[in-house]
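Alright, structures below, take your time with them.
What follows is chain A paired twice: with chain B in the first complex and chain C in the second.
On to the complex of A and B.
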């Protein structure tokens, strides 16, 4: 018993200080009043921060934009990840390791460097515009960076590998004789996919969607570096309220509201993960 | 089999989409041109410019130190938590314990960053510690994030290792500590190493949490890089990318050589 306590006590202490306490303090400051002092709030029991979130279209819009962009990113990732996962699952087992390594390696090269690479490709003086003008397809550079499209490309690039992995695991478990039976009964590949593969891997697809959607909903860096200035996702608005406006209670209220909004997708994801 | 061809083409296109920006970033690091991603002849000038950029070099060294410290702490906390969850049965508060250790996995980075900063501010107000923020607060934040990942890796590894081995050791008279050291630890050593590397990488890659909890004296490499990218791209970013990609590639090649199955 004493051995167990020696393991549990430090872990409990760490979690209470660095996970539980911050959550409580976040809630307390979301209810505080903004104050020009240092730190810039006065503890109170004020719902002014939350009232502002509901009353001001700017904040409501930030949540709607974030949800829309996150859902689009997750949908695009799922559409691209399905055939990729099928390709890896069907490869010879000795090739699978190599393909999975090729899939996950970009993750090890650094998130910001990949964003930097996309900036280099998409800028007005960038590689793609140089190519287009060099080939005589366009005369003037096409504005690509700082558009919603650029932001989505950056987000899909960042999250795509995480959508492939759960699909790949589910496809490996799929009984190949089911597909053979469908083909023997005259189903074309597209029909076999829709009637056999898709229903059998639907829980994994839902997990893959949520695995992208949950972090994408709070994304800050990619909208900031690649998106249009009006793409005010909630992550970006929270950042601005905190760092530029120094309005800590509103930033904390935004964080609490984002958490509440994500509770359902998070619970859903955890239940999908816990399935046998 | 048109479908087989479609799937293979889609896989190739997907991998090309993932790799092309990275490969071009590395190739153009060797271009002499002042404009990034324009070919101006082969040159190593941007690598010397990078080496001479003291702020970036300092930020990189700080990031490596923070990542090593955070990963080590993460392995200790996450390892203990993963062990408790896998082996201690239904101990009191297990559900809360599991939710707390896993929370950083699912929380948006801005929420984790903001709440940890508010904690450090409240701690300083109440106890005088930490005096200001910087490398140490980033290290604690990254250790918390890394511990969540390590706990998952260790719990999964312990769940698939045979518990009766530890029981046999104890039946033969080993104390729980000896059983842990001689049986469990060697079994989970690869998972601990993998967890350490994962926590190390997460720390090196994080800009959002670090930006919240750091102070004026604690500019990490991603924070410096983020500030550069905000102003636009410079060829030094290409050179830094090449160094990191080639460095990671070399490390992986060495690891693959060391782990290669031996014949004979």
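On to the complex of A and C.
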């Protein structure tokens, strides 16, 4: 019993200091009143911050945009991850390690560096426009950066490995004789994929979707640096409220609302993970 | 016998390994055929080539006279029952059986009646809504069988069909397989490593060794007249004695025995089945031997007696129960056999 306590103590301490305490502080700020001083709030028992979220369509719009962009990102990741994961799962075991390492390689460079690289490629004076104009294919630069497309490219690039890894694990477990049985019974490869591979790996696909969707819903850096100025995702709005408007109670209320909203997919993910 | 399937000089390599070495084979209409062999004999490769999962490096595979060696598996009128059964885990029993019919675009009403017939045939009516994980091993095997049979294949491939079943179920399932084969009129080609299974079920058996056919023929023929040392040893562990052929006799100098009979000049060894050797009261001359009982193992309907002849030779003798109690360990015995039971081996 004492041993168990000793083992669990650091974990509980960690949770207390880095999860419970910040959440408590956040909750307290969300319920505080805005104040022009330092810090910019006065502890109180006010629901004004939350009332603001409901009253102003701007915040509801920010949530909906974030959910839409996160769902699109997760969907694109899934579409790209399936063929990648199948390729890796079917590769020779020694090559599999190399392919997985290549998949993780971008994570070894800084996140901002990768976003910066995309900006360098996509901006008006960037590599792609330079090449297109240099070859005489276009006269004027194509506006690529600061579009929703650029934002999605950045997001998909950042989150793709989260989708590939669970699919890879599920495809590796998939019995290859199932596909042979499907072929034997008259299914062409595409039909066998739709009728056998896809349903058999559906739980992993759902997990992959949520693993991308959950962090993407709160993403703020990529929309800020690569997205159009009108793309007011909740993460971005939250940042603006904290650092530009200095309305901490509204910002904290936004953070709490986002957390509650994401608890639904997180719970879904846990149930999928718990399945045998 | 009209040939349904004919393999001509089929060769298949996996890297440096020669899996099939210019193999020729003919399988008749409505025949129950067994491909027997140890691991690495090429029997599974041959089955996978017939199913279409592997392409031969050279040679032709003719089904009804048409070369199908390059036809993909989904376009072949051949179906397979997998050793692991390979049931689709996310589908019910009925959906598993319906899978092939759906791919073929069978009308709904016809499909439903064919599924019901196939499930009734394997004794699984009423299991339509079950999932594979809710079935026993034997039931899974029946679903796999129904899933193949519902396609009405002219050629059904069975990969170790009894391999995953326990002993009691094997015998019953074996008889059921034969009944199904007669009922459907399809040719069954079974891969097995178990010689008893092959001999019991098949109309003809091909024994494979190193990617070649060592011998092919009806079970009784290859059992009683093995063509080589390998066949004799593989089928029922016959005694194989090395020696030299002479005029109408075969001398085994190591064992100190001589066999008289019709021995061709090219004989390099002889086979003697354990159940053809009698423990005699006395005797001398050709087709007898003397030795010491090394060990006795009771097997139910007979006892296996190991008799040491000296010179490093041990004979396996099956002593039937009705022949009285077997000799005790250490006893000196005389063995005798008929000239007709001596099987000359040419290789």
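We adopt the following convention: the second predicted complex is superposed on the first by the 263 of 276 C-alpha atoms of A that agree within 3 Å, B and C clash if a C-alpha of one lies under 4 Å from a C-alpha of the other, contacts with A are read in each partner's own complex, and residues count from 1 in each chain.
Note that in this section a contact is a pair of C-beta atoms (placed from the backbone, for glycine too) under 8 Å apart; a residue touches a chain by one contact, two chains touch by 3 or more.
Since the model is a prediction, treat every value here as computed from it, not as a measurement.
Trainee: Under the stated touch criterion, which partner chain does A:184 make contact with: chain B (first), chain C (second), both, or neither?
Mentor: second
Trainee: If we overlay the two complexes on their shared chain A, which of chain B and chain C does A:114 touch? Say first, second, both or neither.
Mentor: Once the two structures are laid over each other on A, A:114 reaches chain B alone.
Trainee: Answer with first, second, both or neither: which of chain B and chain C does A:127 touch in the superposed model?
Mentor: In the superposed model, A:127 contacts chain B only, not chain C.
Trainee: Let me test your reading of the model: by the given contact rule, A:220 touches which partner, first (chain B), second (chain C), both or neither?
Mentor: In the superposition, A:220 touches chain B alone.
Trainee: With the two complexes superposed on chain A, say which partner A:175 touches: chain B (first), chain C (second), both, or neither.
Mentor: In the superposition, A:175 contacts chain C only.
Trainee: Would you check which partner chain A:199 touches, where first means chain B only, second means chain C only, and both and neither mean what they say?
Mentor: Touch status of A:199: second partner only.
Trainee: Touch check for A:250: first (chain B), second (chain C), both, or neither?
Mentor: So A:250 meets neither chain B nor chain C here.
Trainee: Can you tell me which positions in chain A touch chain C when the two form their complex?
Mentor: 175, 177-178, 180-188, 191, 195-196, 199-200, 202
Trainee: Provide the residue numbers of chain C that touch chain A in the complex, in ascending order.
Mentor: Listed in rising order, the residues of chain C that touch chain A are 51-53, 72-75, 78-80, 82, 84, 86-90, 99-100, 103-104, 147-148, 151.
Trainee: Would you mind writing out the residues of chain B in touch with chain A in their complex?
Mentor: Going by the criterion above, the answer is residues 2-4, 6-8, 10-11, 14-15, 17-19, 21-22, 24-25, 28, 35-38, 77, 80-81, 83-84, 88, 91, 93, 97, 100-101, 103-104, 106-111, 114-116, 118-119, 121-122, 125, 140-141, 143-144, 147, 176-177, 201, 204-205, 207-208, 212, 222, 225-226, 229-230, 232-233, 237-238, 240-241, 244-245, 248, 252.
Trainee: Please output the residues of chain A touching chain B within their complex, sorted ascending.
Mentor: For this pair, the touching residues of chain A are 3-4, 7-8, 10-12, 14-23, 25-26, 29, 39, 80-81, 83-84, 86-88, 90, 99, 102-103, 105-106, 108-121, 123, 125-127, 130, 157, 160-161, 164, 189-190, 193, 214-215, 217-221, 224-225, 235, 238-239, 242, 248, 251-252, 255, 258-259, 262, 266, 269-270.
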